Amino acid sequence: MSQEQLNPDKPETILTHSDHQEHVSSPQVASSFEGATSTLSRARSKLGLHPQHPVKYEDDEIHQMNLLWPRIRLVLREPFAEFFGTMIMILFGDGSVAQVLLSKNQASAPGGDGYGAYQSISWGWGLGVMLGIYVAGDSGAYLNPAITFSSCIYRKLPWRRFPIYFVAQVLGAFVGSGIVYANYLNAINNYEGHGIRTVPPSNTATAGIFCTYPQTFLTKPGQFFSEFIASTILMFVIFALKDDRNGLSKGSTNWFPLSLFFLIFGLGACFGFETGYAINLARDFGPRLMSYAVGYGPQVWSAGGYYFWIPMVAPFCGCAFGGFLYDFFIYTGPESPLNEPWLGFKHFFRIGTHQTTYEHDMKMRNGNHNV
Amino acid sequence: MSQEQLNPDKPETILTHSDHQEHVSSPQVASSFEGATSTLSRARSKLGLHPQHPVKYEDDEIHQMNLLWPRIRLVLREPFAEFFGTMIMILFGDGSVAQVLLSKNQASAPGGDGYGAYQSISWGWGLGVMLGIYVAGDSGAYLNPAITFSSCIYRKLPWRRFPIYFVAQVLGAFVGSGIVYANYLNAINNYEGHGIRTVPPSNTATAGIFCTYPQTFLTKPGQFFSEFIASTILMFVIFALKDDRNGLSKGSTNWFPLSLFFLIFGLGACFGFETGYAINLARDFGPRLMSYAVGYGPQVWSAGGYYFWIPMVAPFCGCAFGGFLYDFFIYTGPESPLNEPWLGFKHFFRIGTHQTTYEHDMKMRNGNHNV
Amino acid sequence: MSQEQLNPDKPETILTHSDHQEHVSSPQVASSFEGATSTLSRARSKLGLHPQHPVKYEDDEIHQMNLLWPRIRLVLREPFAEFFGTMIMILFGDGSVAQVLLSKNQASAPGGDGYGAYQSISWGWGLGVMLGIYVAGDSGAYLNPAITFSSCIYRKLPWRRFPIYFVAQVLGAFVGSGIVYANYLNAINNYEGHGIRTVPPSNTATAGIFCTYPQTFLTKPGQFFSEFIASTILMFVIFALKDDRNGLSKGSTNWFPLSLFFLIFGLGACFGFETGYAINLARDFGPRLMSYAVGYGPQVWSAGGYYFWIPMVAPFCGCAFGGFLYDFFIYTGPESPLNEPWLGFKHFFRIGTHQTTYEHDMKMRNGNHNV
Amino acid sequence: MSQEQLNPDKPETILTHSDHQEHVSSPQVASSFEGATSTLSRARSKLGLHPQHPVKYEDDEIHQMNLLWPRIRLVLREPFAEFFGTMIMILFGDGSVAQVLLSKNQASAPGGDGYGAYQSISWGWGLGVMLGIYVAGDSGAYLNPAITFSSCIYRKLPWRRFPIYFVAQVLGAFVGSGIVYANYLNAINNYEGHGIRTVPPSNTATAGIFCTYPQTFLTKPGQFFSEFIASTILMFVIFALKDDRNGLSKGSTNWFPLSLFFLIFGLGACFGFETGYAINLARDFGPRLMSYAVGYGPQVWSAGGYYFWIPMVAPFCGCAFGGFLYDFFIYTGPESPLNEPWLGFKHFFRIGTHQTTYEHDMKMRNGNHNV
């Protein structure tokens, strides 16, 4: 709970000319530029984003500020990034499940046993996240509401960011899974029968391509714990990888996407059996909604004893706990409320720090805001 | 459509002495050097290449400019690079399919089940592209006409480059697949029977080693869409990886080949089932021609309802669309026509920018021209 | 055998104000800070740790030194790091065995043949070690008592460090395997039968998820040699990777975790068949104790002819021998006793070097102490 | 054929004091140091090595020069490096074949189907080469006589180096495969029967663990071509990766070992079916000799129509051709004879360059001598 949540009505600082002084050298451009900038800032602020967009223009590119679409694009920079990053992640992730599941035992494949095995799925999700992070770049590349959530709690990402990131992530997953569905439409018809769509534990179920369904032997607590522990590990390791105060993570920014490949691959290979390692509301709910929309029926919600809410709730709990563990035992940075007097709760009573939201945001932007 | 296409008759600027001033220190060398340079520039310009070759000689290496073959090699620098890069890609890619397909279920292999599984093929194409990029280096390492095409549209690569790159890429793929055929000749005879060569859906078909054949259950639109969407993802992610204005891609030049390994692996593992992810005219048409030449018969063209044209056309459409998506929603660089007034169409009417082709080329060369 | 072992009673130098001079700028903070620092140093010294904690605070973070928990955390910095690093390693490692073993031949998995194959286990341990190293960062990221042991012998890590590192590593492995057990509780009940827990060579044994059991055809010397040779390779290659005097390892600090992924993957793929490549007392004994505690019975100790002591003893012998080989034939650094007169044995007789423990520690800390 | 081969009797320049001036600061050390240095230089020169060892001592480490073993170690620096690098490569490579072959179909393995599949072998050789390169570091990390050979032809590595590198590589492979044999002794007895050792095409053959045997359907030219083309690709790509004048290889020194992992993995996955991609006399002949020595019988030589000479000869032809291709079409560096007048043949007639061997060696050492 950071101070921003407590002052929802306080408008964020609007950028003035001086903030962009460095970018503008010719006086004739400065005037219209300044107007465009302040409109931009207001629009971004209303969406919950930082008033200043993260794009650095060279002098000769400033004309883009006068074009309609580039200006809209600057307003929506981070939501677009999260949308496409999550979409890419889902395209590869759901795509890998589709390919392995739909080509099962196909004898005409090279090698005579289908177009992939379970391990392809670990690859698909691992590299999907890796490439999604490259695509999302400027937004922080969260791709997961639970990670945004933990970053708000433990890394002072303003809570106002959460809603629009959330919407972008869920939409990206929805659209990504829709593209996978469209791409594999013929193959699904071939596998299940034309127009037949079923949900596990049906023998020919294809709903598992899009979202996760638990093993039948799992109890409810077992379902929850499996998602919880995977999410805990996810957040704990991500915080370690982003902690440039801790040993080998120093100066390893370029290594982050590759490390995430290994992390996600590992979660798939080591904790993917019981519940399919959703560990992400967007990854599970978006495609589940899509599969419901295209006709997989209400079983997408009722399967596994109305399992659908677990991959929505458990990742938030797990990531919050994983972040807590890392900050409690290892993290020494000032962003964490655990490293403040009263575990940061003094913010509820407005004692102490008077850092403005804008200053904080500038710091986050220039520092390691890409959690 | 860049301005170069509109002025096909305007000769490119010929290099003069001063362009190479820095390289030449001893006056006795300078004279013959200058002559060699201007011949070189003219020859390169005629081929559609940048007048200045991309090689940087040290002072004591300048004597190479007086040797016949090294001069020819400078003229053909980029075509050679594309030729060998594409050849390496095909050697590993087609080689991996050959090994998996021809050793199917072989009991004498270590492990008793052949020399690889479908996943080997994802490895083969992924690392083939990665190593091909290292080999091609100085040409931009496109290895794919559709990517050259998108770079012409969205990154101001002059259209004059396209033809000779195209020829080099297709020839490289043709020769590469021919080497794979020669290498596996005994094994193909052993698998199909001496002198028998068949095309899918034959049970012992080996034509699939060289080029792609679609699943039988696919409709025509399904065939097209599968190649289209894979090409879209290819281009979209490549533009993200090369975008040094976007988050983690900054300063990640060294990571590009490895990232491409993951991208191509992913396309193979997630979108390779239905049509075999050709996503590249050169990769599919070159080897298809080779397989026709060595006797696989006219079925290489007629199979799958004359499928052969789809991997020729769809990659161009897909890459153009993928590039459009990236530039429309994310890219802020000045090279993209989407970031110019009138979406760049003003170039048709010669309004505005007076940047010469040569200046542009110099900028491309020194900047991120390796898309 | 370093000099520290010979003077167990000599207290380590206690840090004074000047050691932290650089961190403290405002005089009002300095006083309480100094007190806190010296308490910290004494506490760390008693635990066998370096008196100075490895965290670098910025000026505005110094207030953490006055908070109780952050101070305790500084005292226990390295043990926490080893604990969590080892835990993460075991979570992925044991998790991968659990998933592959418990989902054997499951037809409802995508691909129809379970959730992974033996290779998943190489991935699990490889990436577990890689991510564990990132997590452990500041402690040196040994994660293995035998590697700590070799570092004491050959790299002048003070022997006083060994006990607390040992405890942290074994505890981390114990807790990690306990979490894996809790996570897969339902699945184990489903696989073995409710409440049934067996040890290899039982047909439904699940004890092999947690610790290693040897192949039945192995003789005792064969068991020992298999663990010995794998540990030798482990230490030999790690010393090569950390040797910044040797060719390509120079300036490759960032590559260390990834290289360890390949090293551990290789040990699993090439030397994992006979005894399961424990090569680590903590990795084997911690989880074995856990499995005994949760009811796998005394067979966890008696199986394989009381095999359990071999993965406890052989790694120390193997790592000591591997370190000897590397230092004898390749290493030229001054830390190795093999590069001193009398092979370093003169320290027993207190001849020569008078470097204090503290100075040595400072050097180790600032240099390549992360073996 | 470089000039060194033509003057075998000309002694290499002996290092004098001034060469090490920078290392020596205290005059009392300098005298004995100088003597030691010149003995060292003479010994190294006699072995065909560069007179100056590649180790850089700090001032306080110079005392090592007065210790017997460290001095011997300096004399044998590069041979030791090649020995251990090749040994590590073989340990992982042969180890992976052993594990996959000997555990075939074993039902008690996690997953129920042995401890690995063919792909493990690609991993084993790939990462074996990668880690072997890290170990060998200072020697240039050739690990393969054919690559040393090509480096002598095309990169001016003096031919005098070849013999001792050759001996070290073959010995390293011999010892490495012996360790694998010792480690898997029980398992081989279990697989073949106690004391029985057979060679392919026997059904229970285990000789294929150590060296390569061709598929039975291959003709003699097919055998040769398969090794030839794989060696050509090997050398061609290595020269591209080491060419710091070509695009993305610039500044990628740290990436070399990882790239070699992918290259070797690719050769195994794409060109390993027919003859097992020996592509290295040391890798094949050393272990073949070992297997003959431990009792696999004369069939290790006669199998496959006395196949054993092909992996001895073809790699030299292939690597020479691959190097030729790269230098002819792409390489612009001055080391290649193809970039000299008369294709470098003028050296036979002693025209032109008067660079001394020592100067050349210094250049090679400081530059990119690690081919």
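Order of writing sets the chain letters: A, B, C and D. Residues in each chain are counted from 1.
Definition applied: contacts are C-beta pairs under 8 Å (C-beta built on N, C-alpha and C of every residue); 3 or more make two chains touch, one makes a residue touch a chain.
Small disclaimer: the values here were computed from a predicted structure and weren't measured.
The angle of the rotation superposing subunit B on subunit D, based on CA atoms and rounded to the nearest 5, is 90 degrees. At the interface between subunit A and subunit C, two copies of one sequence, fewer than half of the residue numbers in use are shared by both copies. Across the assembly, the mean Cα position most removed from that of subunit A is the one of D.
In this assembly, the C-alpha centroid of subunit C lies 32 Å from the C-alpha centroid of subunit D.
One simple way to say how far apart two chains are is to compare their mean CA positions; for subunit B and subunit C this gives 46 Å.
Contact of a single residue of subunit B with at least two other chains is seen at positions 114, 116-117, 119-120, 258. Across the whole structure, chains are in contact as follows: A-B, A-C, B-D, C-D. If you check the complex, the residues on subunit A that touch subunit C are 97, 100-101, 104-105, 114, 116-122, 200-201, 203, 208, 215, 217-219, 222, 225-226, 229, 233, 236-237, 240-241, 243, 245-249, 251-252, 255, 258-259, 262-263, 265-266, 269-274, 325, 328-330, 332-334, 338-339, 341.
Residue ranges on subunit C touching subunit A, taken from their complex, read 55-58, 60-61, 63-64, 67, 69-70, 73, 80-81, 84, 88, 91-93, 95-96, 98-99, 102-103, 108-117, 119-120, 123-124, 127-128, 130-131, 133-139, 141, 179, 182-187, 189-190, 253-254, 256-258, 261, 370.
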